[in-house]
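Can you keep this structure in mind? I'll have questions shortly.
In order of appearance the chains are A, B, C and D, and numbering begins at 1 in each one.
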Amino acid sequence: MELSGIISYPITPFSADERSINFDVLGETLELLLQNGSDAIAPLGSTGESAYLSLEEWRQVADFTVKTVAGRVPVIVGISELTTLQAISKARYAQSIGADAVMIIPVSYWKLTEQEIFNYYREISEAISLPIMIYNNPATSGIDMSPELLVQMFNEIDNVTMVKESSGDIQRMHKLYALSSGKLPFFNGSNPLALEALCAGASGWCTSAPNLIGQQPKALYQSVVAGKLDEAREIFYQQLPMLNFIVSGGIPKAIKAGLVLKGISAGLPRRPLRGATIAEITLLQSLMDSHTEVVK
Amino acid sequence: MELSGIISYPITPFSADERSINFDVLGETLELLLQNGSDAIAPLGSTGESAYLSLEEWRQVADFTVKTVAGRVPVIVGISELTTLQAISKARYAQSIGADAVMIIPVSYWKLTEQEIFNYYREISEAISLPIMIYNNPATSGIDMSPELLVQMFNEIDNVTMVKESSGDIQRMHKLYALSSGKLPFFNGSNPLALEALCAGASGWCTSAPNLIGQQPKALYQSVVAGKLDEAREIFYQQLPMLNFIVSGGIPKAIKAGLVLKGISAGLPRRPLRGATIAEITLLQSLMDSHTEVVK
Amino acid sequence: MELSGIISYPITPFSADERSINFDVLGETLELLLQNGSDAIAPLGSTGESAYLSLEEWRQVADFTVKTVAGRVPVIVGISELTTLQAISKARYAQSIGADAVMIIPVSYWKLTEQEIFNYYREISEAISLPIMIYNNPATSGIDMSPELLVQMFNEIDNVTMVKESSGDIQRMHKLYALSSGKLPFFNGSNPLALEALCAGASGWCTSAPNLIGQQPKALYQSVVAGKLDEAREIFYQQLPMLNFIVSGGIPKAIKAGLVLKGISAGLPRRPLRGATIAEITLLQSLMDSHTEVVK
Amino acid sequence: MELSGIISYPITPFSADERSINFDVLGETLELLLQNGSDAIAPLGSTGESAYLSLEEWRQVADFTVKTVAGRVPVIVGISELTTLQAISKARYAQSIGADAVMIIPVSYWKLTEQEIFNYYREISEAISLPIMIYNNPATSGIDMSPELLVQMFNEIDNVTMVKESSGDIQRMHKLYALSSGKLPFFNGSNPLALEALCAGASGWCTSAPNLIGQQPKALYQSVVAGKLDEAREIFYQQLPMLNFIVSGGIPKAIKAGLVLKGISAGLPRRPLRGATIAEITLLQSLMDSHTEVVK
C-alpha cells in the first residue's frame, strides 16, 4: 500500500446522553469526507476521541467505518493504548475486520524509554500483518519519539512503513528525510504546518479539516505536487485561520461545532471535554462563511 | 476525617503473564506498609499502575485493599480516568465498598480548560459523599492544575477537602498556603521534596518509599513535627539517594524491583513498562544495604 | 530601500591575542560575500560577535565595512545593547558613517516588558532617520518578541520597516504575514528553516552560510522565487547538513573554522568562546568537500 | 573567609538623566543595609544593574562601596561580563581596591559549553587571589550551570570557594550538598525559596530584601539556625508576599520604588527598564505597611 495525499479524520459522534455512538451521523460524515477528496480515511484517531471510548465502542466504530467506506479508499484504524496487550488486541481486531492499516500512538502514564517504545511497536508488529503508521503526537500522548527512533523502527520492525508527525516541528521532518535518505514516508499531522511540510517532502497531510472546508486541503496538496508554489501559498493562507481555530481549542470540539453549523447533528465531545462556547461558534461561523466565499 | 503523616502507596502485583492480579503479594505489601508507620493506605495510585488496569481489576484491588486494611488506617482509593462518567462510576464503587476517601487525577488526551477540570470534580463530588483528594501530577497526567484552581475547587466543591501536589514545585505549596490562609490541607507527592514540603507546612507525605525503606519516611515526618530541624535534615539526606532512584525511572519499576530484592514476589510492571535493568538492580541493592546500616 | 534576497553576515576576525581586529581578513571575507551573490551585507550581527566588542572596536568594524562595500550593496549595521542610550549612540554613529540601515536586537539581563521593548525601539527611531530592521532571536538575546508586538512596532514606529525572525518557528512567520496582511517584510534568520520560510513568503534569508558554501544560499532563494519547488527542495537538502552544523555549536566558531579550512586566517572567537575541536573540524571539512562536489 | 547569613545587595542609583551615579544615595542605602543585619555587602550584582554600567561606572561603584563599608563586613563585588578578558580586568581591579571576594556570573550571547565555562572561571582564578563565588542565574544570564559542573569547579579551581544558586530549584541544592558531601558552601539567591534553602543546608541568603523589610530576612535566618522551625515558617510566610513582589517585575525596579516610598531618592532603573507603575507602587506601599505592623 502506497499512501499519499489527504488522509481524513472523522469524528466519533455520541448520543445526547454520551452513552452510545450515533452511527447515522458517523455515516454522514464519512460520505462527506469521501466527497471532499480524501485519499484515505482514518477513524479512531485524536479527532475520533479514540482514547475516550470503551473497547466495545472502539470495535463498533472500526466495524462500521470499514463497512461504510467499503474499499473506496484505504481505511487506517487508530489505536491509542497504555498497555501492549490491549494494543495488540485492537490491532488484531482491526486486521480481522479488513482494515488496510493501523495508526498507533503509545499513550503514557509513566514515561516510556526508547527501548520500551521500540518493544511496544515490535510486539504489535509481530502479532499482525497490516502496515503500521507510527503516530507521534507528544502534546496529546505525553510521549515524544525522536526522528532517530522513528527511523530505527522503520528500518528494524517489519510492518512499520510510515510515520505521522504531529509535533509541528519542521526540523523533525528534515531529520526523517535525511536519516532515511528520503525513504521513510512521513505525513504531516500538524494542520498549521501543512504548506511547509508538503514543501519539505511530506507524502501527505493527516487532517480533520475536510470535515469543515471541503476540498481545500486537497487543493493545497495538489498545488504543491504540481510545483505551483505561489498558488499553494495563496490557498494555504486562505485556510490558515480555520486550521488555527481547529487546533487551538481541541479538534473534536471544533469539528463537531462546525458540523452542527453545517446541519449535521454531530453533538458534543465526551465529558469532561465541553462543546464550543458561543464566542467560539460565532468565530467559527465567520470562518466558514469566508471559506464559502473563497470557493464561490 | 483529618489526615496527616505518611500516606503509603502499594504496588499492584501481576501474575507472570500480566493477565491477573497477584493478591497474595498485594496482601503481603499491605501488611508491610502498615508495619512501617503508614497513617493511611492509598491503593490504585500512580505506584499502583491504576491507569493500566481494566475496570474489573481496578475493582478487585479496591475490594481487596479495603478488606485487608480493615479499618486499621484510612484507605484512600485512587481514580485516574479520561471521562467524567467513568470517574463517577469508580467513585461510587469506592464508596459502596467502604473506602474512606478517593484520590482523583483527571488524566488527559485533549488538554482540559480550567472550567472542564472544575466541572469534572464537581460532577464527581455530586455523585458521592466521600472526601476527595485532588491529585495534581502534570508529569504523568498531562494536566497541570494551578494553585488558584485548586483553592477554588476546595472552596466551592463540597467534598473536595485536600490536595496532593506532585509537581515538585515548592512555590505551589506556598501559594496553596497563602491563597487558602493555611486552611487547605496539602500533601507532598514529590519524594525528593519531602523535607522542604513538610517545612513549608504540608500535612503529610504521599509516598511509596515505605515499601523499601521502612519507617524512615515516618521518622522524617516526626522530626519535622517535633521541630528538630537538624535531625530532619540528616534523616532526609540519608534517604534522598533512594528517593531520587525511586522517582528517576518510574515508581512501579523501582518499587517492584526493590520488593523482589527483599524476597517479595512483586513481579514486573505491565508492558510496555519494563522491569529494572541489571545495572539498576545493582544500584538499588547498594542503596537498600546502606539503609539497613543506617537503621542498625 | 526595498531589500530582498540574501543578506550575508561577516565574522569579526581578531588578532591572535584577541585584543584587536584583523581588518585584512575582514576585507577578504567581505569580498568573498560580495562575490557569492549577497544582496546586502550585515556586519556586527550575531555572526560578527557584536556583543563581545568594545565600543571602539564596534565603530572600527562599522567604518571599515561601509567603506569597503562602498555602495556595491546596502550595508545593514548590527546593534545589540542593553541600554537605550548606548543603542541610540551606536545608531547615530551608523547613520553618520553612511550605513543604509540598522539591525537592532535588545539584549536583556532583566526581562523586558512589551512596553519597555516598544519604547526602546521608539526612542532609537526618534534619534535617527535610517530604516530599522527589528531582530528577534530569543536564544541569544534572552528576549522573545511576539508577532503581535513586532507588527505593532512596524505599524506605529516610523523607521521600523522590516523584521528578522530567528526563533526558527514558522508559525511566527505565518502570524507576521496574517497580522500585517502581508505588508511587513520579514527575513528568515534561522538557517535550517530557509526553505520553508521562503515558501511561506519571507522576503529573504539572513545568513552567514555564503562564507562557507558560496552561491548555494542564493541559488535556493532564486529557485523559490522562480517557483521551482522540486529544485528548491533538492538544493535545500544538499546544504542542510552544513546549515545544521553552522548553527549547532555557535555560528562564529563554525564560520571561522570553515574560513581557516579555505585558507583565510579568520582566527578564533573571543574567549570564553572556543574554536572548533578536531572532531568538529574533520566533520566540517567533509561537509565542505561534499559541497564542492555538488557545485562541480 | 567563612561567610554565612545574610548577604545584602545594594542598588546602583542614577542621576535623573541616567548619565551618572548618585553616590549620596548609594551611601545611604549601604548604611541602611548595614543597620539591618547584613553579614556581607555585595555591590554590582543583579540588583545593582551591574550589566548596565560602563566600565568606569562599575569601578566607581566598587571603589565607593569598599571605602564606605570600610571593613565593617566583607564586600563581595559582582562581575557579569561576556568576555574572559573583561572579567579578568574587573576581577583584578576589585582585588586592587581591597574587595574581600568577587561574585562572578558568565553572561552569554552565544551559549557556552561546560568546558568554556570551566575555562572562564579557571582563567579568572589564575589572575587573582581573591575568593570567587560562582553565581548561577539562568533567568538573567542565559547560562545554566549544572550542580555537577559547579562542584567540579569548586574541587578543581583554586579560588572558587562558594556558590550562589538563583535558579530557584531546591533539587540543585540537594545535589550540591550530596556531590560535595556537604563541603561546598552554597547560598540561596532565589528570594521565595529562602525558608526551604536554609532548611536544606544553605550557608546563607543573598538578597536585596533588607533594603525594604529591614531585619526580617536576618530574623528568618536566625530562626532556622536556632532550629525553631515553627517560628521560621511564620516569619517566612509574613515576608513571602514582599519577596514575590520584589522578584516578579525585576528586582531593581521594585527595590528602587520601595526606597522612594521610604524617602530615599533611589530614582529609576536605566532604560529600557522602567520604573514601577502606579498600580505596582500602590501594592508595594500596602506590602510595606503590613511589614511595619508586623515589626511593631
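Quick note on the criterion: contacts are C-beta pairs under 8 Å (C-beta built on N, C-alpha and C of every residue); 3 or more make two chains touch, one makes a residue touch a chain.
Note that the structure is predicted; figures quoted are calculated from it, not measured.
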Co-neighbours of chain D and chain C - touch as defined: none
Furthest chain, CA centroid comparison against chain D: A
Distance between chain centroids, defined by C-alpha means - chain B, chain C (Å): 52
Distance between the centres, which are taken as Cα means, of chain B and chain A, whole angstrom: 35
Rounded Å distance, chain A centre to chain C centre (Cα mean): 38
For chain B, residues that touch 2 or more chains besides their own: none
Every chain pair in contact, whichever chains are involved: A-B, A-C, B-D, C-D
Contact set on chain A toward chain C in their complex: 168, 170-171, 174, 177-178, 192-193, 195-196, 199-201, 224, 227-230, 232-233, 237, 240-241
Residues of chain B defined as touching chain A within the complex: 18-19, 46, 49, 51-52, 80, 82-85, 106-113, 115-117, 119-120, 123, 139-142, 250-253, 269-274
